[in-house]
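Common to both upcoming complexes is chain A, partnered first by chain B, then by chain C.
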Partner chain A sequence: MVSSHFEDLLSRFSRGPWPYLLVLAHIAAGTQLVYTQPRSILAFLVLVSSFLTLYFVRADLRFKFFAGALLAVVIIPLIGVRNIFYLEVIFQIAVFAALALGLNIVVGFAGLLDLGYVAFYAVGAYLWAFFGSQQFYAMYYAPGTQPSDLPFLLPGDAFYMFMLLGVVVAAFTGIILGLPVLRVRGDYLAIVTLGFGEVIRVLANNLDKPLNLTNGPQGITPIQRPTMPEGVVEFVNSTLQPLIGHRVTVADMYNLLFYLLALVVIVVIIFVTRRLDDSKLGRAWTAVREDETAAIAQGIPLVKTKLAAFAVGASFAGVMGVLLAASRTFISPESFSFMQSIGVLVMVILGGSGSIPGVILGAATITILNLQVLQGFSLYLTELRQSDAIIPIINFAWKDLSTQLDPAKYQKMLFGIILIVMMIFRPEGMIPATRRRRKIDQEEN
Partner chain B sequence: MALLDITRLNKTFGGLKAISEVDFSLEQGRIASIIGPNGAGKTTFFNALTGIYRPDSGQIVFNGKSIVGLRPDKIAARGISRTFQNIRLFQEMTVIENILVGMHVHFRQSAVQTLFRLPFFRDEEAEAERKALELMHYVGLKKVGNELAKNLPYGMQRRLEIARALAAEPLLLLLDEPAAGMNPHETEEITRLFQNIRDEMGITILLIEHDMRVVMKISEEICVMDYGQKIAEGTPAEIRGNSKVIEAYLGRGAVAGQHEESVA
Partner chain C sequence: MNRLLRSINVTELLRPLGHVLAFSCGSAALMSLIAVSLALVLDRTVVGADLLDRYNVTLFTYTMVNLPQVVIDGLTIGFVYAAIALGYTMVYGVLEFINFAHSEIFAVGAFVGVELLIALDATGILAGASLVMAYAYLILAILFGMIAAGALAVTVERVAYRPLRGASRLVPLISAIGVSFLLQDIIRLVESLTTGQFNRIMPTFGNFDGRIIFGKLAMGNSTITLGIAIKSIIVIVAAVVMLVGLNYLVNATRIGKAIRAVAQDRKTASLMGINVNKIISLTFLVGGLLGGAAGVLYALKFTRIDPFVGFFPGLKAFTAAVLGGIGNMTGALLGGLVIGMLETFAGSYMGVFTMGALGSEYKDIFAFSILILVLIFRPQGLMGKHVVQKA
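Moving on to the complex of A and B:
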C-alpha cells in the first residue's frame, strides 16, 4: 500500500528533470529538518525516507547510485556524529538490514523457514569475542575469578581478518547445523531450526565449564576494537567542527567506523545476493521453494541446494556478529534470544520476502519503530502523566494512566499485529519481490 | 539392448501392493503407453522409475546401468525427465526461468564465474536463454517468456511443463496424463507434438494416459496395469482385442475407443 501510493504520486513527476529535483529536494529538506530539529523523530523519518524516493523515482542509475552514496556515506554520518543517538539508530538499521538480507536468502529465496537464524550471528560474535579478548587466557578460571591483568591473545587489528573468518566459520556452522536439519520439510524444519537456535544460545550460556570458553551468562568483555589512528580524529575535529558543532570523541569515531564497515558489508551482501539470485544456484533455490518434488525431478540436489542457502545466509550473519562484538565490546547470550530471530524474520516478511530493497526497508522500519517511535511514544506518555492534562469528553486525567502502559514494552505485541495485518492485506510485503524481465525479442517469432 | 529394462518390480504401501512383479522393457526411440483404471499403480510406477519411491525389490536398468536406489536428481541427470499428473510448475518463476531450471544438470558455471560474471558465465547464460526460447517455440508457446508460470492458461501450462522436461535433453520422457483436461483440438495438437519430439529429437516416450484417442493413435506398444500388476502388453490392435483387458478395465474404454475411431 505504501509503495503503490508512492508510485502513483511519483508517476506524475516521472519525466524530465522532475525526478532529479524531487530527490534532491527531499534530501535537502530532510537534512535541513534534522539539522534544525535534532530531536524530532519526524525530521529523521523525512531524511531516511529520501532513500525510498530515490528508489522509486525513474532516474539515471548513476545518479541514483551517487545520490544514495551521498546520503549514506556523507549526510547521514555527519548528522549521526552531530547527534550520536542517530548514529546508533543507523548502525542498528545497517546491522539488521544485513541480517535480514541473510535470512532473506534462506526464507525468501529457498523458502526454508529458519526460526534459529540468530545462532549464526552468535557464532560470529563469539568468534571475535573469544579471540579478540582476554578469554583465551581466562579459559582455566571460573567466571568472575579471572585476574584482570590477563594479556590479550590477538591485537585489535586482527578484527579485520576475523570479519573474513566470521564469514567462513558461520558458513561452516550453517553446513554442520544444516546437514541433519535440512532433511526435514516445512513445519518440521521450523521447529528443528528453532531448537538449534536455542541450543547455540544455551551453549553460550553453559560453556563456562569445564573450560571457560564463553564466560557463561556474564558474557565476555572487554572485546578489542581495531586501532583508530590519532590523526583521523584530529582531522575530523579540525575540518568538520563547524559543521558538527562540538568536538568529536574517539568513541564517536568508532561508532562511525562500525557504521561505515556495516555499509561496506551490506554493499557486498547485495552484490553477492543479486549475482547468485540470477544464476543456476539462485534459480535452483527458487525452484526448491516453489515445488521440491518438481525441483528434484529436474536434477536439482535438494540437500546440497538447501545447504548452500543455509551457508550463504549464515555467512552474512557471521560477519555481522564479528562487527557487533567489536562495536559493543561486550557480548552475552542474552543478545541472541529467540526474539531476535523472530525480529529479523518479521523484517523479512514485512519488507517483502525475496526482495532485496524490501527486506532493507523492513529492517529500517522495524528498527526505527523499536528505537524511536515506541520509545518516543513512551516518553510522550510519561510527560502527559506528569502534566495536568485531561482527555476531554471522558474526563480522564492523564496522571491516572497506569504506569504499566509503556509502549516500549509492547514490542512483541506490535510484531504480532504487524504480521497479522501484513498477512491479510499485503502478504507479499511492502516492496514485493519481482522476477527479472529478460530482453527477448519475441515479436519476430 | 533396451533403453529401459525393468524386472520383477515390487512396491507396497502398508498392506497394499501398489506394484507387483511388474516386468517392462522399452526400446530406444519408441512411444509406449501405460493404461489402466484409476489406482492401478501407473503413477506409482513412474515414481518408482524416477526415484521418488524406492522399490521394495526388482531391477531397473536404464541405458545399461541400474538406477534402483538412486536419488531422483541423480536419475534425472542420467536422462529421465518427467511431467506430472497435476501440473507442477514453478509458479512464481517466469516461463523462461522454468525452462532454465529444466536445464539445471547441464550448467557448468562455478561460484567464482557467477559472482564476477566472467565470460564463461555470460556465454553459458546467453546460450541457455537462446535454447530456452527455442524450446518455448517448439512446444508452441509464444510471447510469454517473461510471464509468471502461474498466469498461463491451463493448456499452456501443460506445454511449459513439457518444454521444461525437454530442456534436460533426456533420453526418456515420462508423461503423466498429458492430455488430461484438454479439448479435442488441443489433444490433437499435443499428440502431434509428442510424435515430433520422438521423430525429430529421437527421445523415447512413455506416457500414462486415459484418453484412448491419444493412446491408440500414437502408441507403438501398450502396457495395461490393474491392481498393481501388468495384465497385458502389445500393440494397440492386440490390446484392443485382448479379452483380459476388456474384462478388467477396457470393457467400456475399448468400445468407446473403437467407436470414436470409427467416427474419426
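Moving on to the complex of A and C:
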C-alpha cells in the first residue's frame, strides 16, 4: 500500500540524473531540518525516510552504498551527538533492526513462529553481564548484601571477544531448545517457544539462590564497557565542536560506539542473510516454509534445516544481547518479557516477513512509534491534564482523566491492532519479499 | 413428561461423571503417593534432618499435614484449567487452530463477573443478602461473565479469524496473538477510564470464605485438620456441572453431532447440509461460555484479578489440552486435572523437598516443562489418537 504508492511516485523520477538529485536533495533537506529544528519529530522523520527514497530509486548500486554509508556513518552520528535523544532513538532502531533481521530468518525464511525470541537476547545479555561485572565474585552473597569493592572478573575489552562468544552460546542454546521441539508442528512450536521465553525470564528472576548467578529481579550492574581509546573525546571536541555545538562527553562517545557496533552487526546480518537466501540452505528453508510434506519428499532433512534456522536466528539475538548489556551497563529480567518478543515479531510482520528492507523499515516504524509518537502523545495528555481545558460537547474536564490512561503504556494495543490489520489486509507486509511478490503477481495474473 | 425423560441420554450424563471421579481420585492418589514416598525417602537424608532441626517435625508428618489441603487446591485449580482447556480443544478440533485469545476471553469473563458483584456490593445488597440470595448473586455473576465472554468469542471469530480462513496456518495464529494483546489493553483501558485502577478485588459476601471441617486427625505431635473451603466446593461443583453439560451437548444432541461432523471433515459436513460457519461460531460461543464461567470461578478462588490475569491460566490450560490430546474433550478434563495437581504439589512441596533451593516461584514454568516433555515423547497427548497432519 504505502510502499507501492511511493514506488509509483518514484518511478517517474527514475531516469537520468533525477534519482541522484532526489536522494541528495532528500538527505540535505532532512539534515537541514533536523539541524535547525532539533526538537521536531517531523524533521527527524524526513531525515530517516531518506533511507526509503534511497532504497526505492533506481540508481547505481555504488552510489546507493555511498549515500547509505554517508547517512548512517556520518550524518546520523553527527546529529545524534548534537542531540543525544536522537542517538538513543537510532541506537534502539539499530538494535531492534538487528533483532528483527535475526527473527526474520526464523519466521520469514523458515516459517517457524518463534514467540520467545528475546530468550536468546537474554542469554547473550546475561552472558556478558555475568562475566563482565563483579557478579562472579558476588555469587556467594544474597542480592544486595555483597560488598561494593569486589573486583571485576574480566577486563572491559573482553567485550569484543564476548560478542563472538555470544553468537556461539546463543546458537548453542537455540540448538538445545530446537532439538526436542522442532519435531512438533508449527503452531505448537509457537507456544513452546513462548514457554521457553518465560522459562528464561523466570530463571533470570530466581537464579539468585542457591548460587547468586543473576542477582534476581534487581538485575546486574555495573557491567563493564570496552575502554574508549585515549584522545577520541579530545579529538572530536577539537575538530567537530562547531558542528556539534557543545562539548561531547565520554558517555556520548560510548553511545556512538555502540550505535556503530550495532550497525556493523546489521551489515553482517544483511550480508549473511542475503548469501543464505540464495544458498542451498535458504532454498531448503523456503521449501520447508511453503510445504513441509513436499520438502521431506524432496529429500530435505527437516529437523536439520529447521535447527539451522533456529541457530542462525538465535546467534544474532545473542550478539545483540552482549551489546545491550555493555551499552546499558545494567540488565534486569524485565527487559526480556514476552512483550519484547512480540514487539520484534510485530516489526517483522509489519515490514514484510522474509524481506530485509521491509524488516528494517518495520523496526524503525515501531521504534519511532514507541519512542516518539506514543510518548509525545502521553506528554500532550499530561499537559492537557494539568490545564483547565474541557472537552466541549460531553463537558468532560481533562484533569479528571485517569492518570492510568497513558498512551505510552498502551503498546500492546498498538501491537495487537497492527498484527490483526496486517494479517487481514496485507499479510505480506509493507515491503514484501521478492519471492513473495513474484507469487502474488502470479496469483493476480 | 415421560417422553421427555426417556429422550434424555442417561449414559452421556453418567459417563463424564465417571470420568471426573476417576480422574480426580486417580491423579490425587498418584500425586499423593509420589509426594509421600519422596518424603519418606528424603526423611532419611539431610533434607529431613534439616527440617527436623528447624521446625521439630519430620518431613513425612509435614507432608501428611498439608496433603488434604494441597489435594483440594489441586482439584480446584485443575477444574478451572479443564474448563478453559475445553475452549482451546473444541476450537482446535473444529478449525485446527490455536485460539491464542482464549486467555483474554477468560479474563473478560472474570472482569464482567467481578465488576457486577462490585457494583452490587456498592449498593449494599450483597452485605445484607441471605445465604440463598448470596448464591443467587454469585450464579448471576457467573452467568453474566459467561454471556459476555461467549459474545466476545463469537465477535472475535467473526472479525479476526473468519476473513483468514484458508490462509496458511500461521496467519490466523498471528492474528489471534494480536487479538489477545488488543483485548488485554482494552480491558485495561476500560478499567482505567471507569474505575481509575485495574486491579479488582472480588467482594466478600455469603459464606464462601468459610470452611467445612470434617474432623481432626492426630499425627505425631501435630494434628491434621480435614476440611474444605466452601469456595473450592463451589468451583468444583460448577465446573463439573458445566463439563457434564458440555459433554451432553456434544455427544447426545443434534447440534453436537453437527459439531463432531464439522470437526471430522468440514467439506463433507457442508455437503450434508450443515451450516459450517454457524457451527464454528457456535463452537466459539460454547468455548467462550466455559471460559467466562471459569474466569468468574477463578476470581472467586483467587480473589484478585488484573487485565493480564488470563495469561498464565491460559497457557497452562493450553498445556492441559495438549497433554490430554488436543481436540479430545475427555483429554482436556484429564489434562486440566493433571496440570492443576502437578502445579499445586510442586508449589507446595518443592521448596521443602529441595531445602529452599527451588521454591514455588518455579511453579509457573512447571507446566511448560511438562508441555515440552509431552511434545517430545507423546505428541498426540495422553488420550489422543495419532493423527497425520492434513496436507
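FYI, the second predicted complex is superposed on the first by the 413 of 445 C-alpha atoms of A that agree within 3 Å, B and C clash if a C-alpha of one lies under 4 Å from a C-alpha of the other, contacts with A are read in each partner's own complex, and residues count from 1 in each chain.
By our rule, a contact is a pair of C-beta atoms (placed from the backbone, for glycine too) under 8 Å apart; a residue touches a chain by one contact, two chains touch by 3 or more.
Everything quoted here is computed from the prediction, not taken from an experiment.
Partner contacting the larger number of chain A residues, of chain B and chain C: C.
With both structures placed on the common chain, the touch criterion links A:A284 to chain B but leaves chain C unconnected. In the superposed model, A:I424 makes contact with chain C only, not with chain B.
Of the two partner chains placed around the shared chain by superposition, neither chain B nor chain C is touched by A:N395. Touch criterion met: A:I342 reaches chain C, while chain B stays clear of it.
Legend: residue contacts after superposition of the two complexes on their common chain; A:T36 is shown touching neither chain B nor chain C. In the superposition on chain A, contact of A:G299 is made with chain B only, not with chain C.
Of the two partner chains, neither chain B nor chain C is touched by A:S238.
Judged by the document's definition of touching, chain A residues 291, 293 lie at the interface with chain B and also at the interface with chain C.
Residues 111, 113, 115, 180-181, 183-188, 190-192, 194-196, 198-199, 202-203, 205-206, 209-210, 291-293, 338, 342, 345, 349, 402, 404-405, 410, 412-413, 415-420, 423-424, 427 of chain A are the ones that touch chain C when the two sit in their complex. Interface residues of chain B, counted against chain A in their complex, comprise 50, 52, 71-74, 76-77, 81-82, 84, 88-94, 96-97, 100-102, 104-105, 107, 109, 111, 114-115, 117, 121, 125, 129, 133, 137, 142-143, 145-146, 148, 164, 168.
Only residues 271-272, 275-276, 279-281, 283-284, 286-287, 290-291, 293-302, 435-438, 440, 442-443, 445 of chain A touch chain B when the two sit together in their complex. On chain C, the positions that touch chain A within their shared complex are 97-98, 160, 163-164, 167, 169-175, 177-186, 188-189, 191-193, 196-198, 311, 315, 318, 322, 356-357, 359, 361-362, 364-365, 367-369, 371-372, 375-376, 379, 389, 391.
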